[in-house]
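Below are two complexes that have chain A in common, paired first with chain B and then with chain C.
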Partner chain A sequence: MANKKSLLKGREAMVVGIIIAMVAVFSILSPTFRTYTTFVSILDCSYYVALMAIGVTFPLITGGVDLSIGTGLICYALFGGYLIVHKGMPVGIALVACVIVGTLIGLLNGFLVAVMDLPPFLATLCTCMINRGLGSLLSGGFGVSWPSALEPAGWFRSIFRFKAGGQVIPVGIALIVVLVIIMSFVLNHTKIGRYTFAIGSNKEATKLAGVNVKFYHIAAYTICGFFAGLAAIAYSATYVTIYPGSGAGFEMDAIAGAIVGGVSASGGIGSIIGAFLGVIVISLMKVGLPFIGLQANWQQIITGLVLIGAILIDVVKKKK
Partner chain B sequence: MGDVILTMKGIDKSFPGVHALDHVDLEIRKGEVLALMGENGAGKSTLMKILTGVYSKDSGTITYEGKEVEFKNTREAQDAGVVIVHQELNMLGHLTVAQNLFIGREFKNGIKIDDKKMIEESKKLFDRLNVDIDPTEIMSNLTVGKQQMCEIAKAVSFDAKVIVFDEPSAALTESEIEEMFKIIRDLKKKDIAMVYISHRMDEIKVITDRVTVMRDGTYVGTLITKDCTKEDIINMMVGRVIYEDPKTESAVAKDAPVVLKVENLNAGKMVQNVSFELRKGEILGFSGLMGAGRTETARALFGADPKESGDIYINGQKVDIKSPRDAVKAGIGYLSEDRKRFGIVVQKTVAENTTMATMHEFMNGLFINKKKEKEVAQQHVDALATKTPGVDQLVVNLSGGNQQKVVIAKWLTRNSDILIFDEPTRGIDVGAKNEIYKLMNKLAAEGKSIIMISSEMTEILRMSDRIVVMCEGKKTGEIDISEATQENIMNLATREIN
Partner chain C sequence: MKKRILAIVLSTVMALSMVACGGAKEEAPAATTETPAATETPAAAETTGDSLHFEVLVKSFQSTYWQAAVKGINQACAELGVTANCNGPANESDIADQVQMLDAAIEAAPNGIGLAACDTKSVLDSLAVAAEKGIPVVCFDTGVENAPEGSVYATVATDNVAAGACAATNMFPVIEAKIAAATTAAPVRIGEVNQDATALNIQQRGLGFINEMIKLCTAAGKKVAVVGNEFYVNAAEGAVAEGEAEVIIEVGVPAQTTVDLAATEANKIMSKEDTIAIFGSNQTTAEGVLTANETLNKLSTDPATGIIGAGFDAGTPQKAAIKAGLFIGSVTQSPLMQGYHCIQTLVKICNGETVSDMPMDGYWYNTENMEADDIAPNLYD
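Entry: the complex of A and B
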């Protein structure tokens, strides 16, 4: 865990292999797959999922989960859009607002799980519903559009998609990579990370070691909420309009990605790099499968199957 | 013996519905090992949890190094030098040894955790204790014995002046216990005071200086270990004389029919060419040290684990047991050593547990005949003298001994003729043990045949008609009870095999 023997360990190396294999298969079966546009669109739909996945890795490693991030993302993006469109606030404020609201909802999740002792699945299912309702309420049921890239106020879009001479440069990936590195450090080399693993490994024992378990348990969910806020920004920057009522199921892409990347759903095991790579696998399927003639329904089925495979690897490993 | 370092006086503690501790006194001296004994539920663990800040007391005083103290949590106790090595290993299986040792007090370098220093400090600690453990190993890869050593090392690393061991030997092998004792003797020389909670009399005799006995949440008395006998201690614990004489003669006729014959059973490293016979009405003891392969043999026989080869005959008929289902059909019942995991469903009632293996007999078409279920369960409760307010009681509310009786009832409803008792009295207090023994004898007298796996020598010598001894996956001998002694069993259990 903390002793990195190589940059990528077994599981992560395996996921890299899967990514290479998928790219190869798609490229061979569909020549149109090998284009810059495809590359950009894979990244475009990876940003918000990757940010959610980085965040949700923390609750997952504690042995919990956060189901509220999907509808949360939409709710925060709607709130931000509302501030800009209806209150005339500058974009910068809206961005900060997304992150603050996300963090607060994360804090609420952490409180429900760590202090009130609700099962994470149920606690975050409740906040998931609250998020959805709040989102609709704020937007009056209508979609909200953040400023477009053509307006000066649309500057925030170039954080992820920098336009130079009609060509989109996906600079967002650099931001994501930086965040992956920072959060890997947090997870592996700081107290917050160490105790996240410890709680997922044996919460009672961690408590007996004199660790303020409640604090660190809340911290894990708060980090998750913070990243859901960042994901809201990424989503607003990549897509034109945010519709209330969407967002349900987004969290599943993030959780699936994390699990494909080796984060254990029963806690104690996982890495940020793994979660990130797992998200790339999910995005590749989302964008790539239509190229070989498999539509959305198939993509869901295949994602499900891949997930079963990923979980089976863990189960078999445990049995040994 | 050194000066008094810690005194607990008039400690009182109630939980809802239970008066767990009733004005208990305790005194610990520097450089001594004090045994704390008592039946399950006597209040030993509660008392130690109050000492180490896990629970708070209702009244009473704790004086430590001349000052009155009250630790609000384990952290405060640790910082003051009062540490507990818990009964259940408190390990974080996914973390490394070093990360475990310093959990909650990591060395830091800015905001970064200094793993390097933690590994170095762990190495130093292990060197001091003379144990060979790699600090970078993932905890769950270590043997239980090594994990226990880590727990002790952790306790020592707090600069502990008082260390409480709560049943530290429960999961250790003989050699691991020896190793632990070496460490304890070492700590004694360093003037550290220790409290040693254990049910194992032989260990108490070897390692402790004084024995404090508790019963039903009260202080009974303290004895000097070398001046007292096992009987003295047991009498104080139970407040009654306990019959603990070994059996001297087999209760089974020489020509009793063979009900179970196992030939050359093989299943992995732990079960190699095991053969034995079990006669009608016999209690066949399986003795051996931890890891001798006794449970594995039982599980292979029962079809719970795959077997590689070997023949099983029941009443002379060859049977093919591939799964526990086959075994149950063939009339074998298995009472696991780990009741909570394999024996009972704790959140279900006594009645539901009793009929678990025989559901089909209680069905009215699609529906369960609850009335019949309760009647049959009640019959067993009466016959086995299970202490429960009723058959509707959830099993989780029963004591260990009574839970065991529910498991026995389950197999009796199934009419199993061959019962495998794996550590039948583990986690059961002395009084209830006797009842289980009586019950097993009664079952045998009624013609049931019993295989009893036990790690307790007294239990083996007291219950068995014949004893099979195993060592490292092989059967090393078979002794009739009339010839069995602790020495010859131990000899076979530790025999070197080439």
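Entry: the complex of A and C
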């Protein structure tokens, strides 16, 4: 265990090093990159991915995965937008609704995986499709615009981007850091966290030790769904119109971030702070690569290559 | 044991539902609207057969633009006493899904097909099959170049070249002084964010803006370079190398049709100190520009204080941006009338009438004419 801890710390330090190197390279190659507004933009597109990554770290550590969070995010945001635009409900209720629906879908995923013994990949692929269809149904198949920052009902945007004197203050990062600290505590110092690791390390042994594996397995997916609901809020607060049919692929940014940050693709190892740092790497690539003149398609290729590298490191370390 | 059996049953149900979902993409849409035939339009019923049924494929149901098109289709169906089934992929990037839907529509042997193609090359084989089966196709929103002979009877679409040029024509006077002051040592930059480089309407619109801006700048004695996405760089007419230019048009194309990736492209362009203007050539990219501005806070209607922004299409955020002085204006199409004329043209074909292409105008709108009678109906939410 001590070895694992030092390994994780080493991995997190390595990711911090990668972040510093990337910022340096982008700043040298593009003077416009090293501005405050670019920094804010990187954070803007990190919030929803970071929230998904915090959540998906739990299923990943159990040795599973949740592929439904990307389309889920859009589905919950469409549902929230529908309540505001078509039902005239207050924004606060829509925000709560996003989290509730997300948590319920997470619970369903947990039930399918833990109780019904469905492979996580297939179970969450199914709910991914359900989310996609459900989002279209809820919105009547059309995009839904949440209140913009220009409207009084757009107050919720200040949760992530507070405007003072024309300057945007990225307060969302403080919220994310608080959540990273809380969930790190949950993962490392509570029963839920410890048994999440135990399930990922050796599920049968955990069961034989008398642990209610099903309960903690369901809890891991429910936490993931809860954070997908929070990610829906972050996405709606950053981007005005939510389009049904989008969202597929968002989960890959979160999973890639978690794996780059040291969460093992085969379970049993990982940290919330690592996942968060990994997301910063992904977001840096998303914003930084266009700045140095690479077409956006290169971003996907390079993200894929970085992910291969991260998984290879994981595999090599495990073999040792 | 019971749980195992239950798991197997559930797995089977899920697998079947997945298959059904897959099938649904061919036969049932991401969002489908079945339009009932009207019973109270005797004049229309006289000109049409009572049993005419059309399959209509839109590019997606992502934006409110298509909501307006479907409204026009429904309106025409009600007036002309026909029925239409509207179908479309979940995302405008889902080219393969739309081709499958088109094949399924042809298999259903309707009296005609209305098609807004996501990718104009991918539908060519299907159109050939439609021609073989004698099913007339009317394209709307996007024309299909090199369509197999006898397949596409008419195209009802915005003249996108003119519509893109319309944005350039209205933007140029606002930034003319800045362009006049530009030199090769201190060039100015005009950004353009295009959703893709594959759909013909987006290509034409993007190039319409670029080529018109090149013309206007050249007439003002300035040389223009086009940088960024390779398609637009290669297709631009009259551009020079970047080092020789006083005006640089930078074209960004996101990897996928999402607002966040469009915003990243806009952000990259708007962050540059020499950027004086930016154009988002459809609803998604215009919203991408506005999203980038949420952080950058650079858009203005005064070139002395910020970047001049212009958009395309409508939608709540874009209309609010024009009212708030973030965009000088936008170009709108008439999706409602395109949908309407698509059905009307199909009915004419079925009645043996001769039809021809129907180019439709793009309209410039700003704070001054947004409420005008000829503009307001086109400004969907």
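Things worth noting here:
Operating definition for what follows: the second predicted complex is superposed on the first by the 312 of 320 C-alpha atoms of A that agree within 3 Å, B and C clash if a C-alpha of one lies under 4 Å from a C-alpha of the other, contacts with A are read in each partner's own complex, and residues count from 1 in each chain.
What we mean here is this: a contact is a pair of C-beta atoms (placed from the backbone, for glycine too) under 8 Å apart; a residue touches a chain by one contact, two chains touch by 3 or more.
Predicted model only: the values in this text are computed from it and were never measured.
After superposition onto chain A, the modelled positions of chain B and chain C are compatible, with room for both.
Applying the stated contact rule after C-alpha superposition, one finds that A:Gly249 touches chain C and leaves chain B untouched.
Between chain B and chain C, more residues of chain A are touched by C.
With both structures placed on the common chain, the touch criterion links A:Val240 to chain C but leaves chain B unconnected.
Once the two complexes are laid over each other on the shared chain, residue contacts for A:Met116 go to chain C alone; chain B is not touched. Legend: residue contacts after superposition of the two complexes on their common chain; A:Thr35 is shown touching chain C, with no touch to chain B.
By the touch criterion stated above, A:Cys98 is placed in contact with neither chain B nor chain C. Put simply, if you stand at the Cα centre of chain A and look at the Cα centres of chain B and chain C, the angle between them is 130 degrees to the nearest 10.
Our summary of the superposed model lists a minimum C-alpha distance of 10 Å between chain B and chain C. Residues of chain A that touch chain C in their complex: 32-33, 35, 37-38, 40-41, 44-45, 112, 115-118, 122-123, 125-126, 129, 132-133, 136-137, 140-143, 145, 148-151, 161, 166-168, 238-241, 243-246, 248-249, 286-287, 290-291, 295-297, 299-300. Taken in their complex, chain A has these residues touching chain B: 1-3, 185, 189-191, 194, 197-198, 200-202, 204-206, 208-211, 268-269.
Here chain B touches chain A in the complex through residues 54, 73-75, 78, 86, 90-96, 99, 103-106, 108, 111-113, 115, 136, 138, going by the rule given at the top. Contacts from chain C toward chain A in the complex involve residues 3-4, 6-7, 10-11, 14, 17-18, 21, 29-31, 60-64, 66-67, 89-91, 94, 229-230, 252-261, 263-265, 267-268, 271-273, 284, 287, 290-292, 294-297, 315-317, 320, 324, 381.
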